[in-house]
Amino acid sequence: MSQRHRSKNIDNTGFGPNSNVEGGRLVNPDGSNNLRKRGIPIWDRISIYHTLLRMKRSHFMMAILLFYTATNVIFAGIYFAIGVEHLSGIDQSKSVVDEVLAAFFFSSQTLTTVGYGHVAPTGLLTNIVASTESLTGILAFAVVTGLIYGRFSRPRAFLRFSSNMVIAPYKDGKGLMIRLASYKNNHLTEVEAQLTIAMHVNEQGKMATRFYPLPLEIAKINSLALSWTLVHHINEESPLYQFNKEELINNRMEVLVYIKAFDDHFSNTVQQRTSFTHRDLIYGAKFLPMFERSVDGTSTVLELDKINAYELVSIKEISPASI
Amino acid sequence: MSQRHRSKNIDNTGFGPNSNVEGGRLVNPDGSNNLRKRGIPIWDRISIYHTLLRMKRSHFMMAILLFYTATNVIFAGIYFAIGVEHLSGIDQSKSVVDEVLAAFFFSSQTLTTVGYGHVAPTGLLTNIVASTESLTGILAFAVVTGLIYGRFSRPRAFLRFSSNMVIAPYKDGKGLMIRLASYKNNHLTEVEAQLTIAMHVNEQGKMATRFYPLPLEIAKINSLALSWTLVHHINEESPLYQFNKEELINNRMEVLVYIKAFDDHFSNTVQQRTSFTHRDLIYGAKFLPMFERSVDGTSTVLELDKINAYELVSIKEISPASI
Amino acid sequence: MSQRHRSKNIDNTGFGPNSNVEGGRLVNPDGSNNLRKRGIPIWDRISIYHTLLRMKRSHFMMAILLFYTATNVIFAGIYFAIGVEHLSGIDQSKSVVDEVLAAFFFSSQTLTTVGYGHVAPTGLLTNIVASTESLTGILAFAVVTGLIYGRFSRPRAFLRFSSNMVIAPYKDGKGLMIRLASYKNNHLTEVEAQLTIAMHVNEQGKMATRFYPLPLEIAKINSLALSWTLVHHINEESPLYQFNKEELINNRMEVLVYIKAFDDHFSNTVQQRTSFTHRDLIYGAKFLPMFERSVDGTSTVLELDKINAYELVSIKEISPASI
Amino acid sequence: MSQRHRSKNIDNTGFGPNSNVEGGRLVNPDGSNNLRKRGIPIWDRISIYHTLLRMKRSHFMMAILLFYTATNVIFAGIYFAIGVEHLSGIDQSKSVVDEVLAAFFFSSQTLTTVGYGHVAPTGLLTNIVASTESLTGILAFAVVTGLIYGRFSRPRAFLRFSSNMVIAPYKDGKGLMIRLASYKNNHLTEVEAQLTIAMHVNEQGKMATRFYPLPLEIAKINSLALSWTLVHHINEESPLYQFNKEELINNRMEVLVYIKAFDDHFSNTVQQRTSFTHRDLIYGAKFLPMFERSVDGTSTVLELDKINAYELVSIKEISPASI
């Protein structure tokens, strides 16, 4: 057991050590914490702006359409309540439905400031409402401009990770490996990687979560052109040295991955997090190459669909855990 | 007394050491300095943009509404002064009030560029004013778009601190503790904390403000998922070691807190400052846990309303000050 | 040969060591990697926003004009399909071509929200389409505003490099030199340079790419006011020490340049990359001065057209490679 | 003389050492380099965006007004050339001047997209031009929105420096002092200062510019609340130790100041540069306090108009230079 404590667990992960308090995995595959907050109202807990920024594009478009329609419905209702006789140009011999529709379209012409003018406000109240609506339209548009720019310009790393982490032969032993590549036409420089392993261990009869840093063979690269395989050598210094395959799974190992880089698209620091659990572990496999020389020989081709391509291999066990 | 000077006071805090010059607390709870500036005109001293950025949302909306109304009133006045007969489509058999209102609504239609056209400028002067007003509208709108985006995208840490700082049992002595948590759905990484204590002490009959750094047991965490309790161990190296409860209060201790982190919402460095005075100190208390496993066991729940939850405990005094 | 391995090759460049996999040069003169990606759909691989950001100005203007025309054509088609009798104010005694044109111009008046109103929508369908088009216009404009601001505010280093790298006399030996200058009215501070050389060498009968850092005499300057000549001294520690001119060319040497600085225009970190291949090497040349005192003697003049000005000189060979 | 070379001059300043090449002062008081660039066309040398960003507010407003008027004049000319009979609603019985004015105001209504519609385009050509103009208006507005936001959000340090640098008594010798304070309601943290002195010295009959760093007693402060006096102690290690007042002036000393900080308004790194020449030096003076306790005793008042307040004092010369 003293062997097992050679690697000191760390308590600066921001997670708690108390295993029977925390539930499930710590970090979700998309990098968010598996965590809910409560005790204060939702509007204090949620940043609406960032929720709209991170929303899927289709949902965002839907939200704008919904807002546009709802605002028009509300203002159309007000114009109708005041009376459509205060909208010059509307044929009042028509039905109520036609009047409501006319109010709706007048509203949309005001909200977007297109203002054809074949329908125009005449009375005091209608003029006040129309004046308010055109201001609303301008402000809403300012918000939308901000949101669209925010969505575009939000710095992101655009990294794709292998679906699995593998334990592969490495040097004269074995290593834990995770592969990643940037999949967009951006370019990352000064890329740093940090791996932390969480183990749920039984200590003196109590379950506790222990965290250990996993040192990497190369923890920083100057430029991420091709793919990058993160390699943690499982040698005597490694916190994984003492565990065999079954123990890793029984202790519900979870590897937290944190990547930080400078992106030339955004000229900004970007980061991406993810996590691999014991279910993502393939014990005895190695990644296959994912780039090759182009047919004409003048450039290199990175094959992104092969990021998780691996073949099974046997591991030479040398650690005491396997004896 | 020599004991008391073991911790060297620091003079790189940006505050002056001269206690009878400075007044009241140094830093306000919201992190701003308790400081006024004068000697140059207010428009040089104030950044209007940032004032509008930091304004409460309701005040900001009010400011926009006020600006909109005031601008329309001014332009309506000009149109009226030139003569509403130069606005085609206005019924001139009406009263002066109606003419003013018509000028006002024409102004609002021009400022927002909705321009229905049932009222339109005809004379040279009126055309020039209308042309200027529509440009004004477009520029004002550009400013508002910038302000709204600026308000949205202003990087903030969204940290909530415990209302009190406590002196709690720690290791075989005691420690000064402050608790914080991020209360929004943002995620902070590489979080650093820095505590500085200010003491107003009597030195050779003169009051002086002395600053000491308070080393933390953990001063940097990789990720702020749950809450974080900042712990300063009051051991022999601590500048607080020599003071008992009464002295801390008499010397008007003030703890300056500075947090710096990288935020994934903004992909930017964020920071937050606050300060605790001796009035916020609870001597002999410890914070209660504020997170628990969710009912279904798959995630952790952080209870933000418990951030200041503590229970009173007795402190085992071992420092010479209490002998 | 042992001599030749004194400089340890590095494998944190983000490029692979496998020479018969990689093709052509590694980095293009504009700093992009000579690399293609495939295996995932193009819309996942390309960031449209950044493509539009990096596009030449003339192409960007063309793209906007194209989008404007295409959108108007589409909406004009819809209005025509519904029937131009639902656009009040259009003279229906005219030809089909005139009707289509009228629909096109009505569309453009709606898309830009100018909405004169001499042509206005009347039927239900036409009103719905017009309402949708004005929203489209507003959103498209929001996107364009974001793109234009993004293009303006994209932090760039605005550095110009000499077209050639030269091997010049330096101290009592020789040095590899590259010259650069900032060519805009921006100002760079804390400028760092990093040179890495790639050599395609034959190792045990197999071609491999080896990378070595090239230490610089001065690798960081406080402020880039004038030009800066990067100097790598080819002394005994240099990875180039063992190679003569022919070997450098045969091994297809490629020097990767990475500059990082803080820019006061953008108040942001900027970076620029480029690469020089053996074809850009001039063996035995030195750069000529490119700045002089202004005629009135009160300032310095930097002559940017002389950035590649050099004169041929003979090199005193002292390295064993030339023996 | 060997004494004089104890402080090693540095050559990583980005300025050249060649004194008869460089002219006048190196850095202007506003922090820009006293430098002109030529050899490439002005549109390559100038960033229009940043020029517009740094322009004085009044000049910027003027530039927008000019652009607005010029664009309207151009389009009015085109409409007039095509023939105002293609603008429905214009009274053609009027004079040419009136027709031109009508075309001008129609242009402005199109450019701002206000589009009243009492004047509207009818012919094909006029419609095409109007369609183009409204697009121009929208794009120009996008540019202006970007510029205004860029002007607002440009991170600046808002530091005010003392007009003079003084040599004041310090410890048992003397020190070079410069005072600065932030004059806006922003807050700077982690403020770093760097002083470099340039001396134009005669070396073996040739004038050369030598640069030396001037170490500061405190070079970094946590927070800039009050004023900050930069102090360089002129002790035996100082490059100024060997020079008396006359030599400092004869060698045309110039002190380059570089401040870097993190600003909470912008959540960004800000920087400011300035320079003091021998004409700004007051030999034998000390700065007077510039802050005091507020009348009600609850806060501190910083008096920005006293930033250069000093009183003359005598200096005790101990350096060999004065012997």
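All chains are identified by letter, namely A, B, C and D, in their written order; residue positions are counted from 1 within each chain.
To be clear about the criterion, contacts are C-beta pairs under 8 Å (C-beta built on N, C-alpha and C of every residue); 3 or more make two chains touch, one makes a residue touch a chain.
Since the model is a prediction, treat every value here as computed from it, not as a measurement.
Asks: Farthest chain from chain D, going by the mean of C-alpha atoms per chain?
Replies: Farthest from chain D by mean C-alpha position: A.
Asks: Would you mind working out whether chain C and chain D touch using mostly the same residue numbers, over half shared, or mostly different ones?
Replies: Because under half of the interface numbers appear in both copies, chain D and chain C meet with different residues.
Asks: Tell me which of B-C, A-D or A-B has the interface of B-D again, with more than half the contact pairs shared?
Replies: Having compared contact pairs by residue number, the answer is A-B.
Asks: Between 0 and 180 degrees and rounded to the nearest 5, what angle rotates chain A's CA atoms onto those of chain B?
Replies: Roughly 90 degrees of rotation.
Asks: Determine the centre-to-centre distance between chain A and chain C, using the mean Cα coordinates as centres, and give it in whole Å.
Replies: Computed from C-alpha means, the inter-chain centre distance equals 28 Å.
Asks: Where the CA atoms of chain A average out and where those of chain D average out, how many Å apart are those spots?
Replies: 39
Asks: Do you know which chain A residues sit against two or more other chains?
Replies: 109, 113-117, 119, 141, 145, 149, 268, in rising order.
Asks: Should the pattern of chain-chain touching be classed as line, ring, star, complete or other?
Replies: Shape of the chain contacts: complete, all pairs touching.
Asks: Residues of chain D touching chain B in their complex?
Replies: Interface residues on chain D, with respect to chain B: 64-65, 68, 72, 101, 105, 108-109, 112-119, 141, 144-145, 148-149, 152-153, 158, 183-187, 189, 191, 218, 220-226, 228, 262, 264-265, 267-268, 289, 291-294, 296-306.
Asks: Chain B touches which residues of chain C in the complex?
Replies: Residue list for chain C touching chain B: 113, 115-117, 145.
Asks: State the interface residues of chain C toward chain A in the complex, per the touch definition above.
Replies: So the residues of chain C touching chain A come out as 11-16, 20-24, 26, 31-40, 44-47, 49-51, 53, 88-89, 109-110, 113-117, 119-121, 124, 127, 130-131, 134-135, 137-139, 141-143, 145-147, 149-150, 154-156, 194, 196, 258, 266, 268-271, 273.
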